[in-house]
Structure formats: structure tokens, C-alpha cells
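Next up: the structures, one after another.
Below are two complexes that have chain A in common, paired first with chain B and then with chain C.
Entry: the complex of A and B
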């Protein structure tokens, strides 16, 4: 009898804990499976110059890939910070930052960049193949790709406040210095 | 005249063949898209969703099927990008077994518990122990019964 009671209590507590955890989770959050995997290679056209950028040609460099759209408010919030990132690291020959226009009209994206400024290239992804290749389900999302073409880290959401600090100080800086990243958090 | 009729017939057959091929591709696209979860919807599959991402995923499926890839290859690629979450039906491995077996285990445990509780309800709450009769008591009862019969 005592064993039965304990078993019932354990099961009830486990079920409540499961529901409790579910209630406090962001339903849009999808855990990434890409960290540590090779980044999908792509060849995509730059929105203004028309130049084709190929990821495989950037092997040996630290690449930051940011997916954004002109209709996305959070992308607008982080845009100035991304310009700061490029200003700080752009002069390093081992660093490349690329934007990828996600589910957007080319003209709207061009207008956005004209209005808010840009100091790094932005690529078009008209069929969404690059987005799918990087498991993107919403914007903004930012990826850090190491010199060997491996996705080291993925960040979902705008790079503002402590998140910007994290990406600059704990992701890009040590990676450019050739150090091993301890964690993406 | 005959030549024109023959040409028209051939043209008709070609169009029909293309139509059949297209329909097969569309059927395969539908079957596979139904197995994929729309990542920005609530419990909707890629085939039924109207979201932009689902539309792009449908196009991805269609393009890759047309290029000769098998549904399994396409599914494996998307799973490698988005994880198990992209599949409407969680694959049967690891912790996913909890999802598959959990409800049955809980249901069985509940049924056992109910059965046990019902059997407890049917039994008397207090079991009355009846002590065995001593020889003297037996003799006394027999005597009383014999006296009653004589009367």
C-alpha cells in the first residue's frame, strides 16, 4: 500500500512539473541542432552591388551571419548595434559580417538599408533556401561561423544590451584571437 | 488532314503525360509536406499552413523531389536543420519513447489503480473474525438443538 502511494505521488508530481515547465517555455523557441555542425554553403547575391558571395570562399575567416527583414521590429532595434559590430571588427581581415534578407521584398529591404544605413553586405535569399539551410524560423537570428566553416553559435532574437555584449566580447573577440569558445551563453 | 490529326493527337498525349507527371509530383509534395510541422504555427503541418515559411518549405520539398531526391532524404535534411521538432510525428528513439509510451503507461496504471480501488470498495471495511467453537460450546449447542427438537 505504501509503495502504491509513493508511486502515485511521484507520477502526479512529474506530470505537474512537466506542465509547469511547458507553461513557462516560449512556444516559438526551437532548440538549435546546428551548433557544432558544418554551415551550409551558399552562393547568394548582394542586394545592391549584385556581387555573388560564396560561403566557401570565406573559409579561414570568422563569419557572422545575421538574418533580418525590413518588416521585423526587433531587426530595426538591433540594426544600429550590428553597425557597431562591423565598425569594431570590420577592419580585421579575418572577420566578415553578412546580412541575409529573410522573407522580404527586395525594394523594402533596400529602402530599409538606405534609411538606417549599412556598412556590411546584405544577401538576397528569394527562395528561402539559405534560411532553411540555417534552420531559421523567425528573425532576427544570428550565427557565428568559425574559420573551418563550422557553426559555433546561434542566437535567436535581437542583439541588444547584454546580448550584444555577449556576441562581441564572448563570441567574436575570442574567436578572432584564436581561442576556443567556452560556451555560446 | 491526316497529318494534322496525328500531330494534334501527339500533342494531346504529350500534354496529358506532363499533367500526370505534375500530379504525381504534387501528390508526393502533399504527402511529405503533411509529415512536416509548420514551425511558426500551432500544430499545423506545412501543407495546410498559409505562412510564408511553410510556403518556402513546400517549394523546397517540391524542388528537391523534382530534382530526384527521395522523401526520406528531404526529410532527413530538414530534420538536420530544425531537429525532430520539424516532424509532425516524433521519431521513435531516445526520450521520444516517453511521448509514445507515456500515455499508455499512465492509462494502464490508472486502470490498475481503479480496479484495485473498486475491489476495496466491494469488500467490507472491517473483517469480523469468527472464533472457532470450543468442544464445550459445540456440546451445549447440540444439546439445545436436541431439546428444541424434542419439544
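Entry: the complex of A and C
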């Protein structure tokens, strides 16, 4: 067969394959630029105990940071799953999960926790500085920070169903085991 | 009632297109003329039915029939009549219907025009046309039904996107489709020739005017899109190398190559496979464009809603067309060996060959730039946007080379050019180029790229002038006419050649405009309080005040700006910021003062605490772009005028 025939076949097949692949991707999905960058340090007060939590002091630990608000319906949907995450990994001394109350009234947040339960600390962010530092545009958002204080992964939206499984099985579990994450997906 | 009529029409049309395809294929297999007639009549009926569907949808819009989801989504009670009538193609569903209707129209006209002259090709032509219609009608009936009933009948519609309420946008899509669909007829003829194994020059003669017409419509469509962007979007530009723009530009590039390349086959019986390849590529690229635009696989500033179901359908349809057409070419290509070889590298043939190569390389650069983000994401998951810097770096040199060739090509004789003749023919244009370039430097242009570009433009202009002059002198000598009548005589004698030269002249005008408005453009972004002013080139722009404006379906504000030169008022401009009643998105109305030298282009951005944000652009020579395309239209019309008989004599 002549070269031009092969070239035509290759180009046609490649273009169709590419488009087929393209149909299964979302061109409007923009990955966060924060992944792979050092996490902004903060010092914030716990909502009930008043204890000050500093991110620097958590070096060497795997940190999950979850931004939420009492007015956010999706946050309520994922809340029991977050409790489950803490239940499963909380006993590991290398694991810390922190909630950050995002643009909310302290009282409403406290009531929310009382009503739905809590087994990990929640930090107040009265001036919204932590939220801005992490580029939070809507709650819930969840960040995975590695032992060196680098943001490994970010998830926007509630952790339900396969998303919860992703965070538990493909984010936290391998990282605690000291394995390299292949991707955040 | 309307939607019953419409739905009935498109469903029956679908059935008839299927029956027509079968009849046409049967006629090819059995060679019985009765089947060909049935296939033709099916096409005629499909056209009638789709015309009824178009009429029904149009009536639904004009009578505010919000029982139809499509009407409710794309119009409302306050929409002015003109936009109401044209809202038909404001969304996907209506656009597909318009596309199918045009396809049916062209197919019916082609069947009628070529019925007696091309009886052998007719079954193939009908089979391909009906199959294409069948594809589009499946899409319309099953995935994009414009006659879908609304779940709840609303009292008022959602309204048409305010950005689409502009004359440029009203005519941009139909012209594009007239171009896209127009290429399906030459494509069908080419496939007929290929399938019959008779790729002589006949299919090219038969489709010359179809090709020219489609090309002209596509050219108008693309430029109208730029015109709309320039006047409506308010960013001071007309072309952004956005994927959706590129989608219409790619078939144009290959179509232009085809348009030139067929002349070689007509005259010298060469480039046979090549021409079939080019028309298949052109037609495939129109489908690829439809896919890119309607499926949303590439992210684009054109915020079309994406629909994966339609994406899958169009991709499957495109796959069938690509596999069928390129497959046939691959299997049958060997029968089309050129009977003649190129004699000399300095000849009209080789000029056309280079023309083709340049156009194809140009298309490839756009193609790669458009699909690169998709490729990168598919392989690595990273997100990138390929923008103007890539295209400017890669495309501009190719474009300059093409323009040089545009000057030299028409000077070269077929077969072989003697160096002496070439030197004699290029002497005057070269002198003009040198003088013109010196004058341009004296006028203050010192950048290398625009200087080189303009030198090329002067040169090509010289060759065109020379060509007209030679024609006039020849005619003058032969017939003893005055110079002017001799010129007219020469032009009417050979409309095709002079039409082509006029098109080239229009292209030169556009290039002058493109160079001027891209290289020498001045852009200012200022915050003004009433009484403040800013300098824009040699002009001074002063904010006098703000006023409220309102229209039938919008209200907003306008800044009153005085444009002064040397202390004297040139013009008062009022850029607007509009809020359409049905859309939360405010739109900008740029205020533009234009002449042959420059456009003063002012945009009112949002007010801040410190005053109004005004964007000012001084865009040189933009008018040349719009005028250039008019000249192109004139030249193409002249060329279209030439009858076939005359061509045969020449060949």
C-alpha cells in the first residue's frame, strides 16, 4: 500500500478516536492550581474547646481539611460520611481531620454539630482568611495535605458514594501507608 | 396544531429520505431508470416537507406559540419582529433543521439541473444526498426535535440570548450553512465519479459553480462572524482563533485549495486523486466543524450548551462519512493515475501545487492548534488553551508565502515558463513593491513584519494591475476600442480569469486591513469622571456625562464621549451598557466611528466608585477588511457568471 493511503487511514482513525475520547471528558472542568503547592499555614480556634490549631504543628501527619457551613445542604449530606472517615482513620496517630467553618454564624455551626454529631475538631474562620487562602469558592470542599505540608488533592462537592470511597481508599489509605498517590481522581 | 404539522413533516421526510436512499442504491444495482426517478421524486418531496416544517416553526415563532419548547426557550413577547423571525436558528434544534432544509434545497436543485446533463452520475448523486439527509433527519427527529412540546405552556418565553440580537449574528449562521452544505454537492459528484471509476474532468466542470458558490457563502459567513464579534462583543477585535471560529476556517482553507487545484485538472488533467482528496477533506471538515461546535468537546468562548448524545450521533455520522469516502478513495485511488507529469517547476501547474501545499499546511496548523488541547488532555490530563501567539507565529509566515504565490501564479504560463518572460512580467510589480515599501517607511512604518507584508501586497497589486492592463491593451489593438471599453471587453470575454483577479484584489484589501488592525492598534483602559479625558493616538477622548437609554426589550446607560483632534470635535460617541429584561447578563454596545484610515472604538465597562471604566481602541484600516470581502464577492459573482460552454472551449 502506498504511503498516502496509510497516512489517510492513520489520520482518520486518530481523529475519530480522539473525538470519541473527547466526548467523555468535560472541557469546562478546570483542575485546581493548588495541588502540589504548599498549604497555607494558619492558626485557628476550635469552635467548642477554644484550642488554637496551627498547621505547622501538624507536619509529619496526613491532614484532611474540610470546609463546611451549617447553611449548606450538601454539607449535611456528607456529614455522616465525614464522621465515618474519622472513625476509620482517627485512631492512626499520623492522621488528623479538621473541619473549617466557612462563612457561618458560630452559634449556627455549634447547633449543627450538636444536632448531627462530631468526632473531630472544627475551626473557626471569622474573617474568612483560611477560606481565601485555600481558594474556597463554595462549600463543601475537601483538601488532602501530605506530611510535608503540601496540598496533594482537592475535592469540590460532597463526599458521597464513590467520592467518599475515593477519598478513603485512594487518598487517605495509600498516603498513610506511605505510598505515592498516582492521581487525585 | 403547528407542532403536529411540523412533527409530521420531519418524520415523513425522514421516511422518504430512507426510501430515497434505498431507491437510489437499487437503481445503481439494477440500472433501472424507474428507481432513479423515484429517488429524485423522494428528494423533491423531502424538500417540500422540510419547507413545510420550516414554515411551521417560523409560524410558531411569529405567533408566540410557547407550546413548543424550542420557541419558549429562544424567544419571548418583547423580542422585536426581525429577531423573532430569525430566532429560528438561535438554538441547536432550529440550526439543524435549517441545515437539513438547505441540504434538501441544494439536492433538489442539483437533481433538477443535472438530470439531463449527468444521467450516469445521477443515481450516485441522489444516493449520497438522500443518505446525508437521512443522517441529519435522524438527528433532528430523535435527538434535536424543534417541535418538542413544552411540559408546561409558559405565558412568556425565556427570550433570545441578547448577544445574538444583532444583524451580523442573524446572517452569520445561514451563510455558514449555505457554504457548508454547498460543498456536499461537489462532494457527491466526486464520490459518484470515484465509485463509477471515471474520474475524468467532467465532475469538475459540473461542480465548478457549486464550489464557487459554496466557497463564497462560507467566506461571507466567516467574515460576518468576525463583523458580529467586532460590533457586538466589544473587545475591539474580530478574530480570536477560538476553536469554534477555527471550525469554520478549516473547511474554508481546504475548499480554497480545491477551488484552485481543480483548474489544473481541467486544463492539464493532473491532480486527479488530489482533487478528490481535497473535496472529501473539505466536506469532512464541515462535519468536523459541526461536531466541534455542537458537541462541546473543546472549550470555547462560544457558550453553546453541550449535549453528549448529539455529540455521539454526529461523531458516528462523521465516522460513516469518513470511512466511506476516504475508504473508497484508498481502494480506488490507483485507477486515477495522472496522465501527465509536471514539466517544469516554474509553471502554472507547480504554482498551483505550492498553493495547495500552503493551504494544506495552513489548515494543518489550525487543525493541530484546535485539537492540541484535546490531545493533551486525552493523554496527560493537563489543560491548556492554544491562543493567538501560536497562530500568529505559525500561520502568518504561511499566509505571506501564499500571498506572494498569489502574485506570481497568475503570471506563469502552463507547462513551462521561460525566465525572460517571468522577469519581464515581474519587473513592473517589483518596482512598485520597492517604491511602495520606501513610501511606507517614509510614512513611519518601521516594523519588519508589516513592512514585508505590505511589500508583498504592493507586488501582488502590481501584477494584478499589469494583468488588467495587458488585457485591455490586447483588446484595444484587436478591436480598436477606447482604453476603457477595451478593458471592459477584456473582462467580459474572460470573466473567469478577471473574476479571479478581482477576488485576489479583495484578498489584498483584507490583508491590508488585517496588518493595519493587528499591528498598529492602540488600546487604552481608563477610569474617567465627567470632564476627564485621555489620549488615543492623535485623538483626545473626553467624558461629557452619562445618560440613560432604553429600547423595546432592554434598558441601560450610555457614556457621552467627545472625540477631539487638535482641539476640534471629530464626533460624539455613546457606548452603551445594556440590561436585557429577560437576561441577567449585561451586554456592551461599542460606539464606533469609522473611516478608511481608522476606527475609533469605545466601550463602556462597568462604573466603579471612582468613575466609569472606558476602553478605547484605535483600530487602523478595519474597514478594508469588510470592503475587501465585498470585492471578493464581486469577483466571485463575475466568475460564477461565466457559462460552461465557454470553459469547455478554453479547456
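In this section, the second predicted complex is superposed on the first by the 154 of 185 C-alpha atoms of A that agree within 3 Å, B and C clash if a C-alpha of one lies under 4 Å from a C-alpha of the other, contacts with A are read in each partner's own complex, and residues count from 1 in each chain.
Quick note on the criterion: a residue touches a chain if its C-beta (ideal position, glycine included) is under 8 Å from a C-beta of that chain, and two chains touch if they have at least 3 such contacts.
Keep in mind the model is a prediction, meaning the values are calculated, not measured.
Enquirer: Kindly classify A:103 by the partners it touches after superposition: chain B alone (first), chain C alone (second), both, or neither?
Expert: first
Enquirer: According to the stated criteria, A:9 is in contact with first (chain B), second (chain C), both, or neither; which is it?
Expert: Touch status of A:9: second partner only.
Enquirer: Touch test for A:43: chain B only (first), chain C only (second), both, or neither?
Expert: In the superposition, A:43 contacts neither chain B nor chain C.
Enquirer: Using the touch definition from the top, say if A:137 reaches chain B (first), chain C (second), both or neither.
Expert: first
Enquirer: Taking the superposition on A as described, I'd like to know which of chain B and chain C A:19 touches: first, second, both or neither.
Expert: second
Enquirer: Look at A:183 in the shared chain and tell me whether it touches chain B only, chain C only, both, or neither; answer first, second, both or neither.
Expert: Second partner only.
Enquirer: Please write out, lowest number first, the residues of chain A touched by both chain B and chain C across the two complexes.
Expert: Chain A residues touching both partners: 4, 8, 15, 27-28, 30-31.
Enquirer: For the complex, which residues does chain A have touching chain C?
Expert: Result: residues 1-2, 4-5, 8-9, 12, 15-16, 18-23, 25, 27-28, 30-31, 183 of chain A touch chain C.
Enquirer: Flag every residue of chain B that touches chain A in the complex, lowest number first.
Expert: Spelled out, the residues of chain B in touch with chain A are 39-40, 42, 52-53, 56-57, 59-60, 63, 78, 80-83, 85, 106, 109, 113, 116.
Enquirer: Over in the complex, which chain A residues touch chain B? Could you list them?
Expert: 4, 7-8, 11, 15, 27-28, 30-34, 37, 40, 103, 127-129, 131-135, 137-138
Enquirer: Would you mind writing out the residues of chain C in touch with chain A in their complex?
Expert: Residues in contact with chain A: 273, 277, 288, 291, 295-299, 306, 308, 311-312, 315, 318-319, 322-323, 326, 329-330, 333, 371, 373-375, 377-378, 381, 383.
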